[in-house]
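What follows is a set of notes on a single structure, which appears directly below.
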Amino acid sequence: MKSADFVEARRRLEAKPQSTGDKLTTLTEAVGRVRDGDHIAIGGCLFSRSPLAALMEVLRQGRRGLTLSRNLMCYEGELFMASKAVDGLMTSWFDIALPWGLSLKLREEVEGGRIRFEEWSHLGLGLRYRAGAMGVPFLPTLTMLGSDLMGVTDTRTMECPFTGETLCLVPALFPEVALLHVHRADRFGNCQIDGYPHMDTDIAKAAAAVIVTAEEIVDEEEIRRQPDRTVIPGLVVDAVVEVPYGSFPHECYGLYEADFAHFEAYTDAVKARGTGAVNDYVERYVHGVSSHEEYLALFGEEVLERQRRCAEELLGPR
Amino acid sequence: MSYSDTELLAVVAARQLAGVTSVFAGVGVPLVSAVLAQKTRAPQLVIVVEGGSMGPRMVPGRLPYSTNEMRTAPRAQMLPGITDTFLFAQRGFLDVGFVGGAQIDPYGNLNSSVIGNYERPKVRLPGSGGANDIISLCRRVMVVTMHERRRFVPKVDFVTSPGFLSGGDSRRKAGLVFGTVSRIVTHLGTLAFDPECRRLGLESLHPGVTVQQVQDNTGFELPVPKDVPVTEPPSVEELKTLRSIDPERNFLG
Amino acid sequence: MSYSDTELLAVVAARQLAGVTSVFAGVGVPLVSAVLAQKTRAPQLVIVVEGGSMGPRMVPGRLPYSTNEMRTAPRAQMLPGITDTFLFAQRGFLDVGFVGGAQIDPYGNLNSSVIGNYERPKVRLPGSGGANDIISLCRRVMVVTMHERRRFVPKVDFVTSPGFLSGGDSRRKAGLVFGTVSRIVTHLGTLAFDPECRRLGLESLHPGVTVQQVQDNTGFELPVPKDVPVTEPPSVEELKTLRSIDPERNFLG
Amino acid sequence: MKSADFVEARRRLEAKPQSTGDKLTTLTEAVGRVRDGDHIAIGGCLFSRSPLAALMEVLRQGRRGLTLSRNLMCYEGELFMASKAVDGLMTSWFDIALPWGLSLKLREEVEGGRIRFEEWSHLGLGLRYRAGAMGVPFLPTLTMLGSDLMGVTDTRTMECPFTGETLCLVPALFPEVALLHVHRADRFGNCQIDGYPHMDTDIAKAAAAVIVTAEEIVDEEEIRRQPDRTVIPGLVVDAVVEVPYGSFPHECYGLYEADFAHFEAYTDAVKARGTGAVNDYVERYVHGVSSHEEYLALFGEEVLERQRRCAEELLGPR
């Protein structure tokens, strides 16, 4: 799957009006920046700190022809396929997790030749984002060498000019859009994340446009009180939106645990009724509501509260 | 004390971690084994999980389902990013890695991508995740898996994670300077590689398992040494500790 | 209101930052100018310092002596590592860079390494620090410097930080795809590059300065445009604000 | 100046007994790991979080033939030259800072051809450490290209196989020893740093042996309470020592400000009496004392307390 090269990617950044000002906006406006055909890189990992509210809004706005990349892709990938919003997926792994079995939707689409599925190793894809973040065309690595992954991706081997060893070069990836969910941000887009950093900072720096949802928008003085906790500077962010429970029913470290019962109900439905159940899910959770608040109401206060307690039990109060 | 196949596998894998400083483990049996090792023969073992957790203390009954959720993090020593976690392995800091796969061949190559043709597969599997990286970068990797004929195949449909490739020095020649696959640990016994040609052979049998049984469950010929050692059965202590780690048997089946 | 050469330089440099989103500035006059710009024409300006500080609010009277001490950090928005700070520039996020040097040639190449022969120099200078990186990686770089004949030389003894190298497209040919040196700001005037041959020429004069004076303080011939614009003198407001930033005159001399 | 290549560097790590156990020791024992001829990479930057206590101990133990590398090198480099402990210096900048003028000692040694001085750009050297930390032989960059720094360093240019652009490749640097000073560590060597990260984590991962001094050794539970603040894992550390004011008279972010009056007195002495004053300084501050406690006593409680207040005034109480 194609990506801008590092020269085009930088020119694109330079051509964009850069702002260090206020970027606080609504989810609708922020996600409205996504265009048909864009490559969207998704922050978080699997069902941890996924920008689900933003992804649901992308679907609600009816985007088409997208490419999605994510280091480990969860059922959000199924929702995009069911919505026919996506042409290509780039990942190192696609599933929910061990207890919930293989993704039937992915199987149908790939086995039926209906989607481009490009697979990398976990580190391989991570280094693609990192090369992008660094503004270089590639990074050298020892991973992926010798495997058949080399043959199905745009990697190269080279002889190291310093050592003569064989290296794998993974090309930089420059997505059009990064969708990220963080713990807190100020209105200028300076972001802080608790717990796992995942690949969010690399994705933010690599992308041409960065859309952030945050559990909480805090006063800029709160960010400035602990600048060593900031992981994404406002300088690279285009839009920021306050979205409490913006990852739900995926988890947000320290705040709420993933709702495993929800995963179970979803996969049970797919097992029972086939991938039509994915369409039903999209109907109910994407198009059946008009906002993230209505979406959360489908889960109910009690469940949100319960998952908050689960997180606190596990990691202690914040 | 009786035990299930999965419990046996977990106990045997845990024993492999005696004296080990760090283990790169995925969720399920590998992680349960690592926690068991910490509580038995390897108290200083640092568990590393690819989602970005070093040295966590897993909470019994709250074991993680994935490598990057907060259940994987309690009281960790460090939470590096995912890419940086793998780079610790690339630099050479990580001692042992545990991996698995849907198919494994006589050279220890693993497939977790597709069954059948790559472009139009019969079964599309989840993919490498970190398996390719772990087997390419850790010092020593062990494959931990149930022993089934459909899994142990003469040739994998796709090399997702490279073992010894076509044997001999082909792994080194591909640029994989570091790391090695040291052993396959299954619920029937352990398999190891010939130091020259790098093909798998039987190394040891678990209690009550016959050579024939192993061969029947392996889709290719396994050389058998003259005297095959037999594994010490899981002790009551080991089993009790194991069961206390996963009391709801989410992973022990 | 009278003003010193350094004050004039700081005011003129600050004016260059109108509309700029971020400036990569070293300590001394460049940093003082950046703070002045923030307080006058560029309230949203994010100051970036190579030691790893983004968006700090400098404390008047406690300005830093180096790019990485805690005086550079008060109430910053982010404190990335040094390498990562430069990588923001390499990726293209940083708008303007301010640099200086002991020698500068007609193509804007800077020397901060040695005077004389490299192996056995007459004077060993401190070295590049981040100057080479800033001039190679920021979108636009301005040289901010006192205007002295020994500084403006026909050929630098060593190219520590590349301007337009030998002119024309030689910078691009060396692989420096991005960035440009847009202007030299001195206490006598500003110099700019010919868009084709990339040689320096006079661009503007500060109040009361003659062309001859600039030429006398420059070790090579400067083309002079027909009508040379004259800089607006520093306003009372600018000077008062400037002096409030460095009340002890550690950097304003 | 030579460095192990990435293959040797990894073999060296693998050959070393690795420990996840207790590494708490004394400064004397920890620094006793340094051998004559070693390449020591120094953490912190200029006069920020320098591992001065450890460096003074290296000199006290009489090491010879060392190479020192540091992104910006401060007067500690002068002390090593005056002690004839060092053959080579690798840095991007050598001085104290603007107000204190050029380093006379450096001038004498370099102009007299008595020391190997290898200069990189700041990022160039940073990427050398980072390549080492990543376990790869080089990293590509656009910096240093076209400059004369390319001709005096072991950089290469290459044509990018993906884009055809010219790139600078900087080789990985694998020092024998990393000397680092951090805010807090546990006895297993898990380290947390406040404020500027500088290049410490890259240096720690790149080096064959890592010696850490910490302002405070804390209980491991304190580290585990905030694992997302840990920047160096115990796994990579060989020795850890509690050394309060371990950077003094350099600064430690948030704890104490650099003692500029001390810098002034030092440089005034050099200006007045020439580089013999550097030898005098070494006599007094290195050999005139037998421990870091005695060294601190030369500054006096009052000065330490004053510098602590300066830091608090500037950044607020911790």
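By written order: A, B, C and D. Residues from 1 in each chain.
Assume a contact is a pair of C-beta atoms (placed from the backbone, for glycine too) under 8 Å apart; a residue touches a chain by one contact, two chains touch by 3 or more.
Because the structure is a prediction, the values reported are computed rather than measured.
Asks: Report the chain whose mean Cα position is at the greatest distance from that of subunit B.
Replies: Farthest chain from subunit B, going by C-alpha centroids: C.
Asks: Does B-D or A-B have more contacting C-beta pairs?
Replies: Per the contact counts, A-B leads.
Asks: Go ahead and note the Å separation of the Cα centroids belonging to subunit B and subunit D.
Replies: The separation of the two C-alpha centroids amounts to 40 Å.
Asks: Using CA atom averages as chain centres, what separation in Å is found between subunit C and subunit D?
Replies: Inter-chain centre distance comes to 29 Å.
Asks: Averaged over CA atoms, how far is the centre of subunit B from the centre of subunit C? Could you give it in whole Å?
Replies: 57
Asks: Residues touching two or more other chains, restricted to subunit A: which are they?
Replies: 7, 135-136, 141-142, 165, 167, 195-197, 225, 228
Asks: Could you list the positions in subunit C whose residues touch two or more of the other chains?
Replies: Counting only residues that touch two or more other chains, subunit C contributes 53, 73, 79-80, 87, 90, 177-178.
Asks: If two chains touch, include that pair; go through all of them.
Replies: Pairwise, the chains that meet the contact rule are A-B, A-C, A-D, B-D, C-D.
Asks: List the residues on subunit B that touch subunit A in their complex, please.
Replies: 27-28, 50-53, 59, 62, 65-71, 73-74, 79-83, 86-87, 90, 113, 118-133, 136-137, 158-162, 165, 170-171, 173-178, 250-251
Asks: In their shared complex, at which residues does subunit D touch subunit B?
Replies: 7, 9-10, 13-14, 18-21, 132-136, 186, 188, 190, 205-206, 220-221, 223-225, 227-228, 230-231, 233-236
Asks: In the complex, go through subunit A and note every residue touching subunit B.
Replies: 45-48, 71-72, 91-95, 97-99, 102-103, 106-107, 110-111, 113, 117, 119-124, 126-127, 129-130, 141-149, 152, 157, 165-168, 195-199, 201-202, 251, 253-254, 257-258, 260, 311, 314-315
Asks: Sort out for me which residues of subunit D touch subunit A in the complex.
Replies: Against subunit A, subunit D makes touches at 5-7, 135-142, 156, 158, 160-163, 165, 167, 169, 171, 194-197, 225, 228, 316.
Asks: In the complex formed with subunit D, which residues of subunit B make contact?
Replies: Result: residues 21-22, 44-46, 53-57, 73, 75-80, 87-88, 90-93, 95, 139, 177-178 of subunit B touch subunit D.
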